[in-house]
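A, B, C and D label the chains in the order they appear, each numbered from 1.
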Amino acid sequence: MKLSLPLAMLLALSLAPAARAANEADYKAAYAAAEAASREAAGMRNQWTVTVSALAAAKKAADGGDFDRAVAAAKEAEALAKASIFQATSEKEAWKAMEIR
Amino acid sequence: MASSIRVRATANGDITEVQALIQHPMDTGLVKDAKGEVIPAHFIQRLKFECNGKDVFVADWGTAVSKDPYVKFSFKGAKKGDDLKVSWTDNKGGSDTTTAKIS
Amino acid sequence: MNARFFLLGSLSAALVAFALTSPRVIAADKVDPVADAKAFQNFFFQKFPTVKHEDFVNGPYSMNEDMKRQWQEKEEFPPYEFALDAGKEMFATPFRNGKTYADCFPNGGIGIRQNYPYFDTGEGKVVTLELALNRCREANGEAPYSYVKDEMASLTAYMAFTSRGKPMDIKIPDDPRALAAYENGKRYFYTRRGQMNFSCASCHVQSPGERIRAEILAPALGILNAMPIYRSEWSGMGTTSRRFVTCNSQTRAVPLEPQADEYRDVEYFLSYVANGLPISGPGARP
Amino acid sequence: MTITTGPHPTRRLILQGVAGVALLGLGNLPFAPARAAANDKYPEEAFKQKSEADAIKALYGKTAEPSDKVKLDAPEIAENGGVVPISVTTTLDKVTSISFFVAENPSALAASYKIPDGTIPAVANRLKMAKTTNVTAIVEADGKLYSATKEVKVTVGGCGG
């Protein structure tokens, strides 16, 4: 039962209805949120390389005028940054579990 | 500048064992550098070992020989103190030579 | 749009619940490096009873016979030979002001590698061999070398070579900051990072001897004793800094700058728990 | 105590060498055979050939037959595709040339060695291998070609990054 719950969630995520085409304003908002999360992750000295490349992809897509892809990449960057923040916070205590005693 | 060739020749009875390590990039011409440009092929083509005026070993190498190439072989008919002349030429006309004493 | 983050949030909450219930979460205990070192070494001695204790410093080659044979063939004329000669030459070449590296180090820099890194009570921080070498250069008006490039590797290769066989001998002075640096290094060693969510221990404690594709994972015990290493993968020399930086990027964690405090502390921790095992640098690795 | 250089491998190779000589010494009492086909020039053409068969034809102009007298020593899994230690020894007589081929490399011929009279028919070298493939050593003895082949597994290391 435990396993199927997250699967259901993931499924729901991917079926989110496609919004109208994104424009520059959407991109700017999404990119700003992603950049803030990424800065916080870097501040905790736990940035992921994939966050950095997702941010770069977002900027590249936006420069090319493809705001749909830019917003998607920015959203992904933000999610990755948040995951790295979560990782750093949980590892503050979790590392002890692996320590050789 | 120190020679690009490191060679160790040790006589053991009538057999001399020779090991050589050569400092050379051995670029294949199939690899791109950080900026995405192809690094041109640059590799040793011929490596020759001569002792007492006779070729004792001749290597013809392609691009599949490792960077800083290494080779080992043995030959008869030499003794401690003889000179072993080692020389290589590469596909860009580069070359180097050195002479080692058989110990 | 925010529904998506709510879902992601609850997914993460489930993960947290799982992590916190893991059995061995223990309140912050007293830091005891001596006990740590004994437990650390016994863990590996018991996990690999057939491996001779001093062989652990040979990394993957202590774990796999076929790899050991390939290595011993290479050791007959090792690829780090050039770096060794270059390091020896650099050591003998005076700076513009006439001094040499020998003037910066005890015993002229010969046979002392096993005491690095050490805790500098004046500075209150760990000082590694690479840092000390660059400080020596700067003190003599020379530009510092890159921590991840060949010049630094040649110098440390030569200094390691002069200490070959000597047991690692790292000291933790009676100074709370030294204990804190040691503990910080231990924490870094066991902390998961990067999108792969690996810590150093995930590979080098839980699965030494296993393969990650072509490579056999080295045991953490004595893993720095062979530094610096010539890696066929880099077809060149690598300092401890280069190894830490590349390990980070392999787990998709953005590396810190070379000689960052965390790297100096984890080097301090890893060297301390390897006390007694021989220095075998410079090493040749896959 | 030296940690790294294990003495026994060198002794092992020397012993093999001595054994080789004992046999060879008996073999080549009569006048050394006529100069083998491989001439002195750098075999440019052979190194250009993509396939192993074409490379062998370009280099020697004839085909090889497998022989257990050719002992090819190569790792089962290469530690690193850029530096694969490969060596060959043989008990055949009147050896004039030894060559190594890596079947699926961009060009199959990797290295070719001329073995003058008096040189032990054994070579050790380090080769690059593009991927998992067969490594073949060919020995030209008394004008005929003998070969030994072994597969070497090659892949990159590390967990990706």
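For this structure, a couple of remarks:
Just so it is clear, a contact is a pair of C-beta atoms (placed from the backbone, for glycine too) under 8 Å apart; a residue touches a chain by one contact, two chains touch by 3 or more.
Predicted, not measured: the structure shown is a model, and the values here were computed from it.
More inter-chain C-beta contacts link the pair A-C than the other of A-C and B-C. Between the CA-based centres of chain A and chain C the separation comes to 31 Å, rounded to the whole angstrom.
One inter-chain figure worth recording: chain B and chain C are separated by 34 Å, centre to centre, where each centre is the mean of the chain's CA atoms. Inter-chain centre distance (chain C to chain D, centres taken as mean C-alpha positions): 38 Å. Measuring from the averaged C-alpha position of chain A to that of chain B gives a distance of 53 Å. Residues of chain B in contact with at least two other chains: 67, 70, 72.
Multi-chain contact residues of chain D (touching two or more other chains) are listed as 10, 82-83, 87, 124, 126, 161. Counting partner chains per residue, chain C shows two or more touched chains at residues 76, 79, 235, 249, 252. This structure has the following touching chain pairs: A-C, B-C, B-D, C-D. By the touch criterion stated above, chain B contacts chain D in their complex at residues 12-15, 17, 28, 30, 45-46, 54-67, 69-77. Residue ranges on chain C touching chain A, taken from their complex, read 1, 3-5, 7-8, 10-12, 14-16, 19-20, 22-26, 36, 39-40, 43, 186-187, 190-195, 197, 199, 201-202, 205-206, 249, 252-254, 256, 262. Residues 1-6, 9-10, 75-83, 85, 87, 124, 126, 153-161 of chain D touch chain C in their complex. The touching residues of chain B, counted against chain C in their complex, run 2, 6, 8, 19-21, 23, 67-68, 70, 72. By the touch rule above, chain D contacts chain B in their complex via residues 10, 13-14, 17-18, 21, 40, 42-43, 47, 82-84, 87, 102, 105-107, 109-116, 118-120, 122-129.
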